Every structure is written in C-alpha cells, then in structure tokens.
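Residue numbering begins at 1 within each chain, and the chains themselves are lettered A, B, C and D in the order written.
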Amino acid sequence: MRHLFGYEERSAALFLAPVMLVLMGVAVFPIFYSLYISFFRIKLTRPNRTPFVGLDNYTDLFTNELFWVSVVRTVTFSVVSVTAIAVIALLISLLLNQNFRGRRVLSTILLVPWAIPYVANALMWKWIYDSGYGALNGVLYQLDFIDKYMIWLGDQDKTIFLIANAFVWKEVPLAAILLLVSLKSIPSDLYQAARVDGAGVWQRFIHVTLPAMKPGFMLVMIYETMMAIRHFDLFFILTEGGPGDASHVLSWHIYVETFRNLSFGSGAAMSYVLALVTFALSYVFIRTLGRRI
Amino acid sequence: MARIRFENVEKKYANGFHAVKDLNLEIRDKEFLVLLGPSGCGKSTTLNMIAGLEEVSDGSLLFDDELVNYMPPHKRDVAMVFQSYALYPHKSVYDNIAFGLQMRRAPREETDRRVRDAARKLEIEHLLDRRPSQLSGGQRQRVALGRAMVREPAVFLMDEPLSNLDAALRISMRAEIKELHQEMQTTFVYVTHDQAEALTLADRIVVMRDGVVQQIGSPGDIYERPRNTFVASFLGNPPINYIEGQIKVTDDQMVRFVQGELELNFPAETAAKLADCDGLTVLLGIRAEDVEEGSHGGAGAVLTGKVNSVLPVGSDLFLGFELFGNELFFRVGKDIGHASGDEVSLTVDLNRLHVFDKDSGASLIW
Amino acid sequence: MHAWSAAVDTVQSHLNAFTNTTGIPVNYGNSPWAQYREGMVTKFVGGAPLDMMWVSDAWLPEWAEAGWISPIDEYDFLTAYNSEAEDFCTDSMTYNGRQYGLTYYTDFMAFFYDESKIKEAGFDAPPATWDEVVEQSLVMKEKGISDYPMMLAMAQESWLIEFMSALVYSHGGRFTDDAGASIMQHEKDGAVEALQWVVDAVDKHGIVSPACVETGELSGLKAFASGNHAFAMVAKYRLRMLNDPAQSQIAGNVKQAMMPKGANGDHNTVGWMRFHGMATQSAQDKQRAENAARLIEWFGGKANGEYKFQKLLFLDIGAGFGVKPLFEDAEIQAAYNTYGDVDTIKAQQALALKKDVVTPWFGEWAETNGSAWQSAILGNVEPAAAIQKSADLWDELKSSY
Amino acid sequence: MSQFSQTNSGGIDYRRRQKVARLLQHLVILLGAAVLTIYALAPVTWLVSSSFQTEAEIVSVPPHWIPEEPTLQNFEAIFSATEEEEITYETRSGQDPASGGYIPSTAKNLIPSMWNSLIVASLVVVLNLLVGVPAAYALAKIRFWGRDASVYFILITRVIPDIALVVPFFLVIRKLGMLDSLGSLVLTYLAVTVPFSVFILVQYFEGLPDELDKAARVDGCSRFQALLRVFLPLSLPSLVAVVLFTFLTSWNEFLLALMFTQTEASQTLPIVLAAFTSDFTISFSFINAAGVLAIVPPVIVAVVFERYIVSGLTAGAVKG
C-alpha cells in the first residue's frame, strides 16, 4: 500500500506525540534507567566507585531485616487506612446521596480536607497530636477521658494508627465523591422495582445499592491502596519513621536508603520492587479504567 | 460537477469487521442516489467513505477522475446531514449554518447572503439567533439542511436525516428534500433503511446487505424486478409472500409453478426464461398488492385458502391468508366482506410473479 | 554560605560587616540543625551553589571522602591561626593530614541540674553517679516535684550521637577501639551498659519520659527551661540560655555538675567542634576560593583584628570558642561568671573526649544505630542485641570502605 | 372505629408510620451532616485558631480553643519578612533560636515560595492542557491503529509510584543541570498529572456525539480545527476539572520538590513549610500561620469550582 498510515493515523500520531514524548522521557525512561542503576553499587559518597554488582542489591534487600519491618509497617498502614477510608467514605456518600437542604454546602465542606496540601495536613496533625500543647490532649483532657496529657506520636503502639488517621482524613473526601458518583449512576427504577417487590430500606441497600456500587467500590479500594502504599509526606513530617521503627514504612525506607545513606543503587532496587508490587496491584485498576475508555 | 466512482473498494476495521466488500459503483453527476439496507449493511460506511470520515482499506475511490482515498474530509467538497443533526450546541443557528463557509474562508458578505437565503428557503429566518437547544426536532432538521445547503457542495450527503422525526413531518420533509435536490442541481447520496423514503426520493437505489451490493437500479427496477429474495423482501409493505414449490415444464412448453394441488401458469414471457428449470425447487414471490379478490382469473391463476386475520390499515386492508400452512399477507380493498375463518379465492396477477432459486435466492427471471 | 539556624542574627550582622568591609556580597541560607546533614548532602549532590558552610566534626571524613569539601591549608593566612587555636579543634578539622577549616565553636556535653528542685527533694549535692541520678529522681517523682526528673533527648537527629557518646563515655565505654574496630557490643567497655541505664530509666524507674525517643534537643531544652525536669544533659553553652530570665523560667537555678559516672566510668563526656569549611566547587575556582577563604577568616579567624565572631557567639548564646586568647578577654570572663562556674567548666572540659565514630561511613551507621537505641528504649529488643546489631553494621561498613 | 381500622388495612396506621419514618430519616441526616461537618472542619479550625494566637497563649494547657487575645502578628511576620532591614552588631537580637518563639530567617522565603508554587502549578496546568487535550481528542474520536495500546500505556504510567521515579529522575535532572530549577518540577509534575488529565478528558470527549466531530470535519475542519472550534468550547466542565486537579496536585506536591529543589530559587511552599515543622526553634503559632497560608489558596480554588469537580468526575472515573 502506498500510505501505510493514513490521515487518521497521522493526525492521531501528531496529537499523541507530545504526551508520549513527555511520558517516555519522564516516566518510561526513568523506570528503565532505574532498573539499570539497580544493578550497580552507586553511593554518592563515593562518586568514583560504582561497580556492577548484578542482583546483589536485590538479594541484600531481601535479607535486610529493616526492609521486612518496613513491609509489615506498610501493610499495616495500608490495611488500616483503606478499611477506614472505605467505611467512612461509604457512609458519607450515602448521606450525600440523600436529598436535603444544605447538601451542596456539605459537599463543599467535604472538599476542604481534599484540597489542602499534604504537608499542611501533616503540620496540622502534628500540632493536634503534640504531646505538650496539642488539641487531642486538650479535648480528651477537658472531656475527662484522660487525667493527664498523653504521648501520641511518640508512642510506638499508637503512632502508625495516628498517621493513618491523618491519611484517612485527607483521602476520605475523594473516595466519598467517587462512591457518590457510582451511587448516582444507579437507575432509580431499580429501586422502584425493588420496592414493588417488597424490599425494605435495608434490603434495598443490600440487594440494590451494594451490588451496583461494587465496581466503583473496587476502584476506590485499589486506588486508595496504591496511594497508601506509596505514601510518604506524612511519615516524613510526623515521625521520620520513628519512634524506633514503628512507622518505618517502605517509602520511608527507600528515602533513607537513597537520600540519607546516598545508596542510589540499592535505593533504585527498592523502588523497583515497590513499583512492581504496585503495578501488580493496579493491574485490575488499569484493566477496569482501560476498558472504560 | 461530481461523479463518484468506487472501484473494488474494501473497508475493514481494526477489529476485523469487514464492513464493505468489493464495492463497485458509479454515482452520476446530479444524481439522487439512495443507499438502502438494514443496519450494519455497510451503507453508512460507504457514505462516510465518500465524506472522507472513513478511510478506504483497499481499492480506489474517485471523485470525477481524481483518486481521493487519502483526502481528508475538509479537503473534499462535500456537505453532510446527520441523523442526530449534529448541530453545534455552543453556536447560534446563524453560526451553525455559516460555520462551513467560514471554515472555507468565504467572504463575509457572501456568507451572510447565503445563510439568509437558505434560512428564507427553509423558513427558519426567525430562528437565526437561537441556540439549537431552543429548537424543536423539525427546526433542527431544517438548520442541519441549511448548514449543508449554504455550502453549495459538489456532493450532498445525508445519513438517515429523517429518522428522528415523527411520521407526519417525515413525509413532508421528504418532499422538501426532493425539491431541494431539483433546485440545487447537485449530486445527492442519501442513506436510509426506510424503503418508502428510498422509493420516493431516489433516482437510483443501491440495496446493500452485509457489505455487499445486492442490486443497483431505479426505484421501479428495484421494486418490480428484484434481483434476489433479499431485495424483494426488503421492499414492500406488507412484505412479499413466498410459496415454495417446483417448476414444471410441460410437453406443450407450458411452464407451471406446482405446489401440491396449487398450479400457477406463467405467462409466455416469464415461461421463456424458465424453460430450463424443469423440476427446480423455487420460491414463488407474490407481492401483497398483486392479487384481487375473486376467482375470475380462472384455473392456473387462483389461490384458495382460509382467512386468518383481517387487519384494516385505514386506506385499505391487510388480509392474513393461510395456504399450505404458510401465512401470507395481501393488501386488498377495504370493502372486502370477509371475516376470520372464511374461505376466499384470490386471483394472482401472473405477469407480476417473481421466481427465485430456492438455494441461492437469486431471481430466475430478472 | 550555608549554616544551620543558630544565632542567625549574630551571623547576619557579622556577615553584613563583611560585605561592608570587603564589598563581597554573601548569600546566607540556613536550615535546621536537626536536618542539616541531609539537606547539605542533597545540596552537594545536586551541585547547589555553595562556597562556605558549617561542618560538624562528625561529617568531615564523609564529606571529604566524597569530595564535597576541600582543604584550606594552602591559605597561609588561615593556618596561621592554628597557633592560637585549641589543639582539640585543629585536630578535629584535620582528615588524612589536611586541614579543612577554621573553628566555628567547640563545646562539650554537660550535665545540668535545677538546684531548687534538688533542695526541695532534700538533697544538698547533685548526683555524682548515674545511680544517684536514679535515686534522687525517684525521690522527686515520689514527692511530685517532677514526673520525669531526667531529661534525655533521644530523637533521631544530628545531636543524637553526642548524647549517646556522653552516656557511653561516662559509663566508661567506647564505641570503637583505637584501631576503629567496634567494641560497642562489649558489656563493660562498650556501649551496652549505658544503653541499659537509659532503658532502665525509662522502663523500670520511669524517671525518663518514654517520649524521649521523639524529643529533640531543642524541645527537651525548652521543657527543661520551663521547669519540667530536674536534670538535663545538653550542650554546655545552653547554660547561658537556661540562666537567662528572658528565655528560661528556671533562670538562676541551673547549675552544672560533673557528668555522672557509671560503675566502671569516670566523669567523662564528649566534646565536639563545628567549623567553617569550604565547598569543593568553590575551591576549584580561584577567585571564588579566595573570597571563600577570606570569609572563613572573617568568621573563624580575626575580623578587623579581633576574634569578633567567636566572641559574639559566646556573648550571645554562650557557644564555646576554640581560640585561647579569648579566655583573656575581659567581657568574656565577666559573662562567664554571671551564669556559670568556670571551675566546673574547666574540669569537665578536661574530661571531654572526641567522638570515636567519626569515619566516612558515620552518616550511614548513625541512622541504624539511632534506630537500634530507640528500639531498645521502647523495649522492643534487649539492649545487648540492639547494640550487637549496630556493631555488626559498623564492621560491615568498615570492611566495605 | 371498626370502620376506620378497616380502611387502615388491618390496624396499621401507614400515615403515622410514614411520618415517623420521615422524621427518623431527617434526624439521621441531620446527625450525619453535623458529624461530617465537625469531622472535616474541626482540625482546620483548630489550626486557624492557633494561627491567631500569641506564642504565649498557644502553649496554654488546656488549649484555648478561641484566641483570647487574637493577633495578626504571625501573619505580619510572614508578610513583612521580605522587607529586610540590615542587621548590624548593634541591632542584632543576640538571642539564640533555641529559646523558641523564633521567626526563622526562612520566613522570608514563604511568599517567594508561594510564587514558585503558583508559577509551577500554572505552567503545569497550561502544559497539561496543551499536551493532554489533543491526546484525549485523538483517543476519543480518532480510530487509529494502536489506540488501545496507547490508552493502556498512559494509564500504566500513572501507576508508577513517585518514589520509584525519584532516583532516576534525580540522576537525570542532575546530569541535565536542571536541579534546583522550576523547570525540573514543571516537567516531572507534568508527567505525574497528565495521565489523569487525559483520562478525564477522554471520558468527556467520548460523551460528546461522534456526529458532531464528523459534522465539523465535513464542514471543512481539519482534525485540529474540529478540536479547537467544536470540542474545546463544549468541554468546559472537564477542562475546569483538569485545571483544578492538576493545579492542586502541583501546588501540593512534596516528595519530588523535596529532592529537586535546594534554594529559594525553586523551593515550593510545601518544602518551606516542611522545613519549619522539623525545626523546634520556630514559634508554633508562626508555623500554624504558615500552614494556614498554604491551605487558603487551594481551598478557595476547590470551593469555587466545587461543582466542576463532581461533574468532571461524574463524566469520568466511576460510572459503575
């Protein structure tokens, strides 16, 4: 054929070229480059000695105790956060799906946590959790739940849950909005049919609402899991992985290895492992979204 | 001046769907050509290929004698009216109509003159400042026509432009479109699945099915002389009736259609074409309107059976008629005095019988 | 010029004087001491414009090895100051035989107590041993004088190694032997005993807050200054601030005692110094290097004929100077006497030892070591096991360099 | 009586029941709304309240929920920090930051860092539109070979965690000498945000009828003109949604900025802010004021465009 690619292909190529260039340059290339450097022992404190070490960075990683600790911490954080997000977001979306005066105002209020930067969020919670002057102690003390100020973030048994709480607070709005969207897409005749069939409020929720929300729910869960696994900002500002290793999550581990120990090679290896894990997780996510567009 | 020629044109989609197969067609200048067929038959794809909205996979598409396979739509001198009208929601009626001219950089005064001309002809002058969302379906239809008209294109394409209108409006618009064609003196290609529209409007009709052209001809041709059972069935309301049977050539060179006790004699002209078909199993096609009540036709031209149903449609009457276990429908005068269960005789117009090979469905006489 | 955010105004004023004198404009940036090292590392690695910066003795080998800072001993007008400087300081700025800067300040870890609280508890002398610290603290706890009488700041930050070193030294231990091999895991002459004391203080006696693992030096200092504690281990120069009524609620009551000693130890403590160093990128450009050297002199040496900056620092925040002639300065002597006991200071200073973990791999090791200590304090691992882990890493790093 | 109970079908008073049910529903909604409002706003309110307190008041135990002597001094400190007065030996404060209540010298970087954030976010938004809109149009309306592969490709890049990109990014950007420049941030943020932008836009474009696209092209538009003259004016809600999402993402981003910026030339607001939080010398009330400052612009943006967020997503992400 004379024209292998016609006008359509050519214009599509032209339209997609910028995006593809950007993504190739700033996402695909780095990820492969990262694979490459993960085979070297690159320490920026020793700029001139960067031997090829093959898979050593990976084997070191899996024998590193702290790495496994960080995996456990990450899993704990993600499970706790995502469960909480799912439950709270579900309740909120059900509430916002009702018709009542002030619904718009309420959904606007809901956007506040979503809009504020994570750093400001972290700063805010750090101040709330402050063991000396924080609001949490203040409230609990004034309500007589505690008789003296407590240590919060410094308590290794509480810290990961407190960080999760800050994370949940910020993530819930988006999750709720996404769920609300999927609630709104349930055709109302489905409810009417269920009513005619004699289903009560609870039964309608179980048999109509929940099944119809399932895809949206899945999406929210996967998305939030991805966000939780990779989360960094709160750990950086609230605890720096501490106390001890109580909040030493994977992303913090990578940060320390890379930017404190300056071991770029093993840092890259860890990043790669993290990328593969999230990638496997998000397979479903991509498939669902990809089919939709 | 626009002649459009398809030479061995193929259209295959990326998903493997073969939409148009080996299309050979010449559309004459100033002709009103209708592409007719059920949905998925490739008629819209064909139209889109003319517009340049779909690329030709193989073969050649020529405008006059220029190969336009790879020419994008905006380089072709075509205008198009869509089923959904596809008016630009963010533009006023005026701007909708003027847009095509503006895109082709027509002078401002010229654009204005043409838009107002078209609006006057279509009686939508008072709507020029409105937005499409403020218009009724019929008004939108007119705006869509106006948008195509002002362009004075070499080819005027219409993709089921009337199917979103209600029945009454549809009939009157048909007339207007026909008028428009005469006035504009340009090539029209019109896609529809509505046989009545096709028969009313077309100079020539192309009947398509599964991407293959079934028959090309004038409306009369297509209706009177369908090339196969598909074409025969697709046109006619109620649809053509089929009776399966054998061809029998007698010693005295008479040719008959035989099915059990029923025997119909073909007139000489038809008989000549069937002379070699002795013993062949065929489908005999009788159009609903090609019968008359009564047995005045005499032996060899009369069907006798039981009335199953009587369906008045106003101007006349559809008669459900049982014959050898088949239900046949005929259109008869509304004065017929029969009720369900009555036995009636109908005389067949033997000159208008259709005979198709049972296996291939191809007509044996046309 | 980049520094940590200490004595910011003092630095700025001295810097303005520099610009006014030489006509060389200087960009002054600072970041918190707690994150200073990583911040600087990113700057070095990223090639951010730097000429002169403050350096802690602990980082010298790492930074010098990585080629981020360059020696300044080619500038005779800088090395000339060595004759008047404390040998400890010059020593601490020297790596592989090259000198990397001039002193910014030098100090040691001191043990402070709130005299009024001790009296209230019924003691007339400060504790001399770590066991006495426990003993006195328990009394104070009982009498409700303080919930956590002893203030220790064990958060992961740049100060941590100095706190740990002081604890270890005063218990008679070391992290490494003279050859640099780890002995921290040893029961007696290692770090285990010191850590065990901290663990007991937190878990068994409850005299140190379990929150010490998230308490940085500054918040600990503030808490001490607001009267929450009776004993504190902080840098000696903090004495000035602690006895300044404008900044401290217990001003006037804060006294320095000799670092308590452990069963096998003496009153040893850790000493350190920080210096003005020159960035390699600056050293590579002759003109820039020249200017940087002049800036180093302006701060670390004499400005307009006197050790202006070190003197200002001492007067403003009490930071110890590293040049002997300043001891003779009348203003300085007067200042010292207003808030401190010069004899104790001198006695303690004589027992200050250099950190023994100053190596190119210090930064990397400190991270893990800090976590190990914290884990032990939190009761997650036995002190011996924690230190063993830390020692293993030390040996591993040592062999890889 | 017996007559009545018959009409009420077996003694159940449905009207009353319905009334009770409706009342109950109102109650639940009211309660839910109240709880939600408190949940979402209380922490922020506390932060704002703290920012108007003096350093002395802020350390009271238990806290003062409403400032007793509200002060603007923290905000004044931020806004006046840029007007530098030359400090001489005589005017120096002589205090060490350690005594607390200290306004860091980096306070003067706050306002410039807001500018940096604004510049970066705006550039990222503009580039997102420039790059994302044509791509989304192509994916939604052009049937071309490789379309599905392109969709998956773009989605996959969204899944890569930022922290996995940091190491290679850092090395590459360093090699290009782009560290500590706004350009490096713009470029990386673009890569992080553009997949989602494309996703929102593709969904929206697909919702617009194909025939509109065809009409435009038959009317004489090239692909590009069809996009520009017909699709863009029609996709305002999704464009606003894209602007919003990318603006907020860029404004709020922390990790990459932490790695790539070093001086006030390129530090964005979150970085300057984060540096405060780790510095215990700094006045609590001042940090809180800085936090409030960081919250205000994105919250205003989000609140103003609230309806577009929902409609932009309704057309998009979760159709169910």
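In this text, a residue touches a chain if its C-beta (ideal position, glycine included) is under 8 Å from a C-beta of that chain, and two chains touch if they have at least 3 such contacts.
Quick caveat, the model's predicted, so the values are computed rather than measured.
Peer 1: Counting one step per pair of touching chains, how far is subunit C from subunit B at the shortest?
Peer 2: Graph distance in the chain contact network comes out at 2.
Peer 1: Measuring centre to centre with C-alpha atoms, which chain is farthest from subunit A?
Peer 2: The chain farthest from subunit A, judged by C-alpha centres, is B.
Peer 1: Which of the two pairs, A-D or A-C, is linked by more C-beta contacts?
Peer 2: A-D is joined by more C-beta pairs in contact.
Peer 1: Please work out the Cα centroid separation of subunit A and subunit D, and write it as a whole number of Å.
Peer 2: 15
Peer 1: Would you mind pulling out the distance in Å between where the CA atoms of subunit A average out and where those of subunit C do?
Peer 2: Result: the chain centres lie 39 Å from each other.
Peer 1: Could you state the distance in Å from the CA-based centre of subunit B to that of subunit D?
Peer 2: Taking the mean C-alpha position of each chain, the two centres sit 57 Å apart.
Peer 1: Between subunit A and subunit B, what is the separation of their C-alpha centroids in Å?
Peer 2: The mean C-alpha positions of subunit A and subunit B differ by 58 Å.
Peer 1: Two-or-more-chain contact residues of subunit D, please, as numbers and ranges.
Peer 2: 143, 145, 170, 222-223, 259, 278
Peer 1: Two or more other chains in contact with one residue: find those residues in subunit C.
Peer 2: 42, 45, 219
Peer 1: Which residue numbers or ranges of subunit A touch two or more of the other chains?
Peer 2: 7-8, 132, 259, in rising order.
Peer 1: Once the touch criterion is applied, which pairs of chains come out as touching?
Peer 2: The complete list of chain pairs in contact reads A-B, A-C, A-D, B-D, C-D.
Peer 1: What residues of subunit D sit close enough to touch subunit B in their complex?
Peer 2: 143, 145, 209, 211-212, 214-223, 225, 229-230, 233-234
Peer 1: Taking the touch rule as given, give the residues of subunit D at its contact with subunit A in the complex, in rising order.
Peer 2: The contact residues of subunit D facing subunit A are 25-26, 29, 32-33, 36-37, 39-41, 43-44, 46-47, 50, 58-63, 65, 130-132, 134-135, 137-140, 142-145, 147-148, 150-157, 159-172, 187-188, 190-191, 194-195, 198-199, 202-203, 206, 222-224, 227, 248, 251-252, 254-255, 258-259, 269-271, 273-274, 276-278, 284, 287-288, 291, 294-295, 298-299, 301-303, 306, 309-310, 313-314, 317-320.
Peer 1: What residues of subunit B sit close enough to touch subunit A in their complex?
Peer 2: For subunit B paired with subunit A, touching residues are 55, 58, 69-72.
Peer 1: With touch defined as at the start, can you tell me which subunit D residues reach subunit C in the complex?
Peer 2: Subunit D residues touching subunit C: 86-89, 91-100, 104-106, 170, 174, 177, 179-180, 259-260, 262-264, 275, 278-281.
Peer 1: Spell out the residues on subunit A that touch subunit D in their complex, using ranges where they run on.
Peer 2: That would be residues 5, 7-9, 11-16, 18-20, 22-23, 25-31, 33-34, 37, 91-92, 95, 98, 100, 102, 104, 106-120, 122-128, 130, 132-135, 137-138, 141-142, 149, 169, 173, 177-182, 184-186, 212-213, 215-216, 219-220, 226, 229-230, 232-233, 236-237, 251, 254-255, 258-259, 264, 267-268, 271-272, 274-275, 278-279, 282, 285-286, 289-290, 292-293 of subunit A.
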